[in-house]
């Protein structure tokens, strides 16, 4: 079941990559590449940093195929995907929520400490999107004051807390992902913004 | 012989990195860095993802020296390099073709599946150029609708197909690289463009 | 003692990341992320390339906490940090100097050749700043003709030379870092610029 949800997350991120690339009028191959980087980039960095080998999608090629199929479907059925695009925001929220807890668990299994596990939960959820935006020349979404990385942080911490008080893994994953999902949906619906930090340069500053 | 061709590929990519950096009026050290990232970035990512250790250029420092010498020569003999720059497009095509089949073979030797091997063939050929363009603030070349990544895809698939029908490695490498090279040269000569995918935003879209 | 200096370097880079992010009016979480990437990105790439496992900050979480605390402090005490910002340029110079020799030593301990060790000294010192600038959409500092990467190069080479003539590690680290620091401070004070390399495009050029 978790595998299926994980594939769904990868597929959703691939669709978001294909849409971003399409907005820049990229060619078909570039669209596929951006979609794959968006979908698989976070997990790649996570497994590299944790030294979990082989990397998830090298071991289980289903992830590659899911990303390819999702990106191709986005191009072929553009009109239909476009019609359900508002729904994609929620699917992306589900992917974010799921990635945050699954990556945290994977990090714990690899022997990482709590703080590293939480970091991996965040990194896995957002790095794909950052790479997508850098490749497409967009300002990174996580850098635009939306409540996004914070949801991954919440999901990861809730999961970790539940594990520490002895909750079973499945319960921790579901409740953690649920918390992240609810926060993300609230953020979308209520247009929550994270307070911005603005550095005021001193005019006498040297550099 | 393959080693020599591989060095040539690295040298050519280093020259292209030095030229890109020079167009941005970067300083000498930055030019060397951009050249090395362009030449060695793809192989680095390939070996990291496949867990092939040590990384090619860590094991065989000749790659580093080739990149350094090529970048230095580009700066010292700018006028001469400039005069043969049209030829460099074909040298770059040769590097692309060679990297795609060599990386595919290296991935197969590391035990990767076919789809991962093809991905590595593409990634190794284009990541250096993507990093070069990101560092120099240019829109990534592979994102501009030119037939480029597709050539690596072709070379990698031809090599893989020949291996599957029992062709010897050398024949596979030569024919695969040849196919990639021919497609790339045709693309340059005939100004082939890959069809663009354009995502039309629905005006009622939420995000 | 070296550990403490290393933490100082991480903290200083985290502050510079937080300031860069703050200049772009990023949200609080994004500021923390940029600060951590700036502080830990170079070491991450170094350990990945050298296959030193676990990665430094995965093994010693103090590095994570130092970066988090430094970034948080930058936001909380913005006014005070702002007042000492001119001093931060020198602290950053100290971090650069220290990272270059420590990374070179770490590479040698991992069995790397001299040229790879020097490369790692440079990469570790500058990659964090490059990632910071890419994430914030700034042109990379090392690409602006300032004498920066050259200082890391000097520190790394001096350390290596001293090791080769039999000097003890501590002496090599101190003198190497000192050389890098002096060059960086001279560069700041005298506004030294590295000669730029300017590639003149031939108007008849094809691409």
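Labels A, B and C are assigned to the chains in the order they are written; within every chain, residues are numbered from 1.
Note that in this section a residue touches a chain if its C-beta (ideal position, glycine included) is under 8 Å from a C-beta of that chain, and two chains touch if they have at least 3 such contacts.
Since this is a predicted model, take the numbers as computed values, not measurements.
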item: Same-site or different-site touching of chain A by its copy chain C, using the half cut; value: different
item: Cα superposition of chain A on its sequence copy chain B - rotation in ° rounded to nearest 5; value: 120
item: Geometric centre distance via CA averages, chain C-chain A, whole Å; value: 28
item: Shared interface positions of chain A, touching two or more other chains; value: 48, 134
item: Touching residues (chain side chain C, partner chain B) in the complex; value: 48-51, 112-113, 115-116, 119, 122, 126, 130, 134, 139-140, 142-146, 149-150, 153, 193-202, 205-207
item: Chain C partner contacts - residues on chain B that touch it in the complex; value: 18-19, 21-31, 33-34, 36, 44, 48, 53-55, 57-58, 61, 64-65, 75, 78, 82-83, 85-86, 89, 134-137, 188
